[in-house]
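Just below sit the structures, each encoded as C-alpha cells.
One chain, chain A, appears in both complexes that follow, with chain B as partner in the first and chain C in the second.
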Partner chain A sequence: MTNVVIGSLGEWVRSNAFKLTLALFMIPALAVLVIFQLVPTVWTIWISFTDMALLGRKFHEYSFVGLKNYEKAFNDFGFWASMRVTIYYCLASLVLRFLLGLAAALYITSRKFKGKRIMAAIFLLPYIIPGAIHPYVWLSMLETDYGTVNRVLRALGLPPQSWMYERLTESIIAINSWAGYALAMLVLTSALTSIPKEYYEVADIYGASRWFKFRKITLPLIKYPLILTLILIFKEDIDDFTYAYMFTGEIPYPDYRTELLALYAYHKAFSDFELGFGCAIGFIIAVIVFVITLVQLKIGGV
Partner chain B sequence: MRRTAIIIAVIIAAIVVVAAAYFLLAPRPPKKVTITLHTKAGLWADFIKNSGVIERFKERMLREKGIEVEVKLLTAPHKGYHEKLIAALAAGTVIDVMWVKPDMIPDMVEAGYLLDLTPYVEKWDEWDRFYDVNKAMVTYKGKVYAIPNDAAIVMIYYRKDVFKRAGLPVPWQPRTWEEVLEAAKTIKEKVPEVKVPLSPYYGGEIQIPVYAAGGTIYDPSDGKFIVKSKALLFLFKMYYDAFYTYGVTPRELILEKWDTRKLFQEGKLAIMVDGTWCYTEKWGPGMAYEIPNREEVVGYAYIPGSGEPGAPDYVVAIRDYSWGIGANSKHPDLAFELIKELVSPDIMADWCYKTSHLVARDDAVRGDYAKDAFLRWNTEAMEKYGVAKPLALGARKYLSLLRQVVEKELVGAGKSPEECLEAFASLVKSELGAELVKEKP
Partner chain C sequence: MERGFLKRIAEPSFTAIGYVVLLCLFAYVLSPLVWLFVTALSPKGSPYLEIPERLTLDNFVNVITGRVVGGTKTAMHPVYTSRWIANSLFIGFATMVITVALSAPAGYALSRLRFRGKDLLMTAILLIGFMPMTAKMLPIYRLARQLGLIDNLLGVSLVIASGTIPTQIWIIKGFFDHIPKELEEQAWICGCSYLSTLFRVVLPAAGPGLAVIAFLSFLSGWGNFTVPLIMIYSEPLYPISLGLASIFVHNPGEIGLAIDYGSACALSVIYAIPPILVYYAFREHLMKIRLGKLEVR
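Now for the complex of A and B:
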C-alpha cells in the first residue's frame, strides 16, 4: 500500500501538473521581485542613458544620450572628490568596525568574563537604534566647547578638535563605526563559538600563550567568516547615505568633505534635479557593489 | 380590466411624481471634496493650522457652493522642501495648492507642474491690490503661475553693541563697500573676540553685488545671461577683498558652513548680509536663536552701491514666496478659493508680523504689522532700492554656478577675481549653452 502511494506521488512529482503548480506558487514572489526590484533597476539604468531632469523641459523632452552621463561623471571634479571621500570613509570605517566587532566578539565568547549576555545586548544597542537617530545622539558628544569627546581629549592633555566642522568626515566615520560594529560582532561571534573547545584544551596542555592560540587556532578557523565580514562591511558602507546627509543637508560642502558617492548621486538627482546624471552615478555605485558581491560569493563558495 | 389598468397607471405616475419631488426638493447632503495643501513643516504648517484659515475656507465653501471640503495638509521639512516637492510632483502626486519659491516657477512651468492662474486672476478684483513687484515675480512669459504670499529683502544686519565697542558710529549706513570692509577691519582689530567681522553674502542672493555695481545677470531683450561684465568682476573683487585683501571673513565660514545666524546671536559675527525673516524667525522671542534685547542689539542698513558711475546708491534683494496650483489638480477652482483665503489681507498681515516678512498687497498693511518699525523700514527699502532676480529659464542654474565658483574657486582655491570671472564664464557656457550667454563690456 505504502509503495503504491509513494509510487503515485513520485509520478505526480515528475508530471507537468506538478511543475505548473510549483511555477504558480512562485508567481507572487516573482511578481514582487519584478515590480519592486527589476523594474526600478532597469528603469534607473535606462534613465542613466538619458538627459532626463526633474525640472524644466527635460522632464518631458528628454532624449537618449548614450554614455554621455558616464563620460561626464568620469570628467567631473565632484565625482572624483566624492570617490576619494567615499574610499576614505569605507576604509576607515572598515578598520574600526572590524576591530571593534572582533574585540566585542572575543569578549562575548571568552570564558573568563562574566555578564556577557548583558554586555552582548548593550553592544547590540547601536545596531538596533534607527540610523536617523544616531547623529542626534552624537551631537552633544561632538560639540566643540562642551562635547564629551573634547572633554576627554582635554583630560588626556590632548588638543580639542572641531568635530562638527574641520573633522566632520572623521565624525561621520566614528558614528558609522559605532553604529555598525555589531555586524562584525554577530558574524564573528557565531564563527568563534563554532570552533571546537578541544583545540584550545590541547594547546593549553602544551602551554600555548593566548596570542599563540589566537594566531594559530582562532584566526585560521574564522578566516572565511572574517573575510566575508570585511566584504559585508565594505558593501554596506560604499552606498552609505544617512549620516553624510544628516550632517550635510541639501548643499554639499565646497570641498566635498561629507559628499559620499550615494549623497553625491542624491544631490545631483534631487537638488540639481539632473536625474539622468544622478542615475548614472547611482549605477556606478551599483556596479561596484555588484563586483564586491561576486567576490563575496566566490569566497563563500556559493 | 381597463379600469384596473388605469388605476395601476395612476399609482405608478403618483410614485414617479413623489419620487421626483423627493429627489428635487429634499435637502441633500453636501458634496464632499478633499483638496491637498503642500507646505513647509513647523512654523509654516503651524500657522495655517492655528490661524483658522482652513476653517474659514471650509465654512465659506459650504455656504457659497454647498461643498464640504476637507483640506489635507501635506508637509515637508524646511531644509530640502523644494527637493521633496519636486520629487513628489515628478512622481505624479496630485497636489492642489503648494508653497512655491518664485525662482523655481520657470522650471516648474516647463516641466508641466504648475497651472496657469491667469484666467483666475483676471476675474479676481483683489489682484489689483498686490504690489507690481510681487506680481512680476510670479509672472512667467506673460502668464501668472502663483499668488504671492509674502516678500522679504536681503540687506545688511550689524551688531550695535559690537560697533560701540569698536568705536564705530551707531546707527550705521555705509555708502560704499569700502566702508563696510573698513568697519569690519576696525572690528577685527578692536574687538578680537568677534570671530567673523563680516559675512559678505547670503547664499540665496549671492548676485547682489552685480546689481550694486549697476549691472544685471540677464538681458530680457535677447533672453541671454551675462557671463562677463564689469559688474560681475566687481562681485568677485568684493568677495575677494572680504576674504583676502581685508581678511575680515574667515574662509572657514564658507568651507565649514558655519551657522551665521547663530554666530550673530552669540555676538561672534558683527556684520552680515541676510534676509528680513531672520529678525523674528531666528532672533525673535521664543525662536531658536533668540536675542533677548533684539531692538537694542540688532541694527540694519541698506547694501551700498559700488560707487561706480551708473551704479545705484543702495540695493536690497527682493525675495518672496507664493502659492501655486498643481497642473494635475482635480479641483483647481476650489484650490484657487483656498489660496484667496490664504492670502487674504488679515491672514497675510498676521503671518508677516509673526514671522517678519513683508506683505505682498497694499491692503494688508494693517494691525500690528502696520505699527512695526522694522517692517516699515523694510517695506520702504523694498520700494526704493529693491531688485529681484529675473524670472527666466536657466536663472536658477546660472546662480547656482555663480555660487559654485565663489565658494570653490575664490574661497576654496583662492583664485583671483579675474580668474574666477573666466572660470565662471566658461562654466556657464558649458552648462547653459553658448547660445544663451553673452559678454557685456
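Now for the complex of A and C:
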C-alpha cells in the first residue's frame, strides 16, 4: 500500500519535474520579499499598539497599550504641525512636478521646436542623479548673499529672501519639484507619442476644433497614465524625506518647518526612542497613501 | 477679418511664449547642475556661481585618494571619502547580484507556470513593492538589529534588494514572456536537459532584460539613502549618500559644508556619473519599460 503511494508520488514528481523546479525557483525571491517587506509592514501595525522603545529594557519587554499611541498622536502639537507641512509640501510638489513635467513633455512631443533629443536628455538629468546630491547643487541657487535666486530677485526689483532659513519649506519644495518633474515628463511623453496620428487626421476632416480634439481624443487616451503619474508622484513625495532630513538633521526645527510626516516618524523613533509612536505615524502614512490612491483611482474611473 | 488677424498673430506669439517658457525651464533645470560641474573642476570652490580662472582635476584626485582637507565650517571629524566610494560600490554590486539571482528565476517561473491565483500573486508582489518605505523602516531596523545586520553592508544590500525585487520581477517576466516557448521545447527534443536549456537557450535570449534589471538594481543600491540611514551608524561604513548628508552642515540660519566646496562637488559628480551613464546607455529600453524607475531612488 505505502509502496504504491510512494510509487505514484514518484511518478507524479517525475512527470511534473519541470513545473516543480519552476515552483522552487520562486521560493527564494518570495522568501526574501516576505521576510524583509511583508513582515515589517504587518509588524508596523503590531508595534504601533505597543510601547516598544528603541533602547533599553523596553526594546524587549514592551507591553500592549491599545490605541494610546494614536491618541497621543492626535493630541500632539508636533503631529499636526508636521501634518500641515506635509500637506503643503505634497500639494505644492504635486502641482509643480505635474505642470513642469507637462510643459517638458509638450516640448518633447511637439513638432515645432528644434533640438528635441538633446533637450529630452537634459531634462532627464535631475531625475537620474541620486537624491543626496540635490541639496548640494541647490546651494548655489539658495545662498543668501550671492545665490542665483536672490540675484534674479534683486535684478527684478523684488526683496531677496532668506531661502536657507525662513523660507526653508519653499526651498525644499523647489528642490523636490526640480528633482522629480521628469517622472511626469517620461510618462506623459510616452503616452502622447503613443496616440496614433490618424485619429487627429480624421477629426480634422470633420473640422473638429482644437478643444474638441483635446477633450475627445487626447484626454481619454492619456487618462490612465495621467492618474498613474499623479499617484506615483504623491507616493514618492510623502515617502521620501531625503531633502528634509539633509536640511534638518537629527533634531527638528522648533517650529517644525521641515518636518514631513516621514521625518517626524524617523525623529520620534531615532531621537526620542519611541519606536511604538514612530510606527503609529508610519502606519498613518501608509493609510494616507492607500486612501489617496483609492480616491484618485475612483475619480479617474480606472 | 478680425478672426483672421487674430489667427495670424496667435500662432507666432504662441511660439514665442513657448520659447520663453522653454528658456525659463532650461535655466531652472540647468543652473544648479552647471554650478556643480564648474565647482568640481575649479581649484577654489565657493557657494555661488563664478567663472574659475583655470580648470583642474585636483578635487577628484583628493576625493578618490581620501586627502580631503576640512573647510571653514565645523570640520572636526575625519572625512573618509575614498571609503565611502568603495562602500557605495560594494552595496551597488551586492544589491545587483542578490536581485538578479533572486528575481530572474522567479520571473522565469512566473512567465512559464500556469496556476490558479497567478494574477493575484503578481499583483501582491507589486503591492508589496508599493508599500511606503517609511511605514516599514522602523520594523526593518528592529529586524536588522535582531539578525545582527546593523553596520553590515551586506545586510543593507539585502534590504535594498528586497525592496527592488518586485519591480525587477515584473520587468524580467515581461522579457521572458517574449521568448517563445517553442525555443525551449526544441532544445528538449534535441536532448538538452532542463538546466542546460536554461543556461544555453533561455538566459542568452533574455540577455538584454538581465542587463536592464542588473543595472537598475545596481543603481537602486548605489543611490539609496533611507536604508543606509537606518542601518549604518559607523562613519567609515557610510555609503556616499550618508557621507554627503554628514558633511552638509545645517545649523539654523547657516547652511554650508564641513569640507571645501570643490571636494564635495567632485564627490557629488562621482556619485552622479554611474546613473547618468546607465540611463543614456539604456534609454530606449527604459522608455519601453516606462515605469522602470518607480523605486530606484
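Criterion: the second predicted complex is superposed on the first by the 243 of 302 C-alpha atoms of A that agree within 3 Å, B and C clash if a C-alpha of one lies under 4 Å from a C-alpha of the other, contacts with A are read in each partner's own complex, and residues count from 1 in each chain.
Simple rule for what comes next: contacts are C-beta pairs under 8 Å (C-beta built on N, C-alpha and C of every residue); 3 or more make two chains touch, one makes a residue touch a chain.
Quick caveat, the model's predicted, so the values are computed rather than measured.
Visitor: When both complexes are superposed, which of chain B and chain C contacts more residues belonging to chain A?
Guide: Of chain B and chain C, more residues of chain A lie in contact with C.
Visitor: Go through the superposed model and pick first if A:Gly131 touches only chain B, second if only chain C, both, or neither.
Guide: Touch partner of A:Gly131: chain C, not chain B.
Visitor: Counting only touches as set out at the top, which of chain B and chain C does A:Gly56 meet: first, second, both, neither?
Guide: first
Visitor: In the superposed arrangement, which partner chain does A:Phe98 touch: chain B (first), chain C (second), both, or neither?
Guide: It touches nothing on chain B or chain C.
Visitor: I'd like to know which partner A:Pro40 touches here: chain B for first, chain C for second, both or neither.
Guide: Second partner only.
Visitor: Where does A:Phe234 make contact in the superposed view: on chain B (first), on chain C (second), on both, or on neither?
Guide: Touch status of A:Phe234: no partner.
Visitor: Looking at the overlay, does A:Tyr165 come into contact with chain B only (first), chain C only (second), both, or neither?
Guide: In the superposition, A:Tyr165 touches chain B and chain C alike.
Visitor: After superposition on the shared chain, which partner residues are touched by A:Asp255: those of chain B (first), chain C (second), both, or neither?
Guide: first
Visitor: I'd like to know which partner A:Phe79 touches here: chain B for first, chain C for second, both or neither.
Guide: Once the two structures are laid over each other on A, A:Phe79 reaches no partner at all.
Visitor: Touch test for A:Tyr89: chain B only (first), chain C only (second), both, or neither?
Guide: neither
Visitor: Same chain A residues contacting chain B and chain C, which ones?
Guide: Of chain A, residues 162, 165, 249, 253, 270, 275 contact chain B in one complex and chain C in the other.
Visitor: Can you tell me which positions in chain C touch chain A when the two form their complex?
Guide: Against chain A, the touching part of chain C is residues 15, 18-19, 21-22, 25-26, 28-33, 35-36, 39, 47-49, 98, 101-103, 105-106, 108-110, 112-113, 125, 128-143, 158-159, 161-163, 165-166, 169, 194, 222-223, 225-226, 229-230, 240-242, 244-245, 248, 250, 252-257, 261, 264-265, 268, 271-272, 275-276, 279-280, 283, 287, 290-291, 293-294, 297.
Visitor: Which bits of chain A are touching chain B when the two form their complex?
Guide: Per the stated touch rule, the residues are 53-57, 59-60, 162, 165-166, 168, 249-251, 253-255, 270-273, 275.
Visitor: Considering only the defined contacts, which chain A positions touch chain C in the complex?
Guide: Against chain C, the touching part of chain A is residues 17-19, 21-23, 25-26, 28-30, 32-33, 35-41, 43-44, 47, 52, 100, 103-104, 107, 112-113, 121-133, 135-143, 145-148, 162, 164-165, 178, 183, 186-187, 190, 232, 235-236, 238-242, 245-249, 253, 261-262, 265-266, 269-270, 275, 278-279, 282-283, 285-286, 289.
Visitor: List the residues on chain B that touch chain A in their complex, please.
Guide: Against chain A, chain B makes touches at 79-80, 83, 86-87, 90, 104, 106-108, 110-112, 203, 252, 254-258, 393, 400, 407-408, 411-412.
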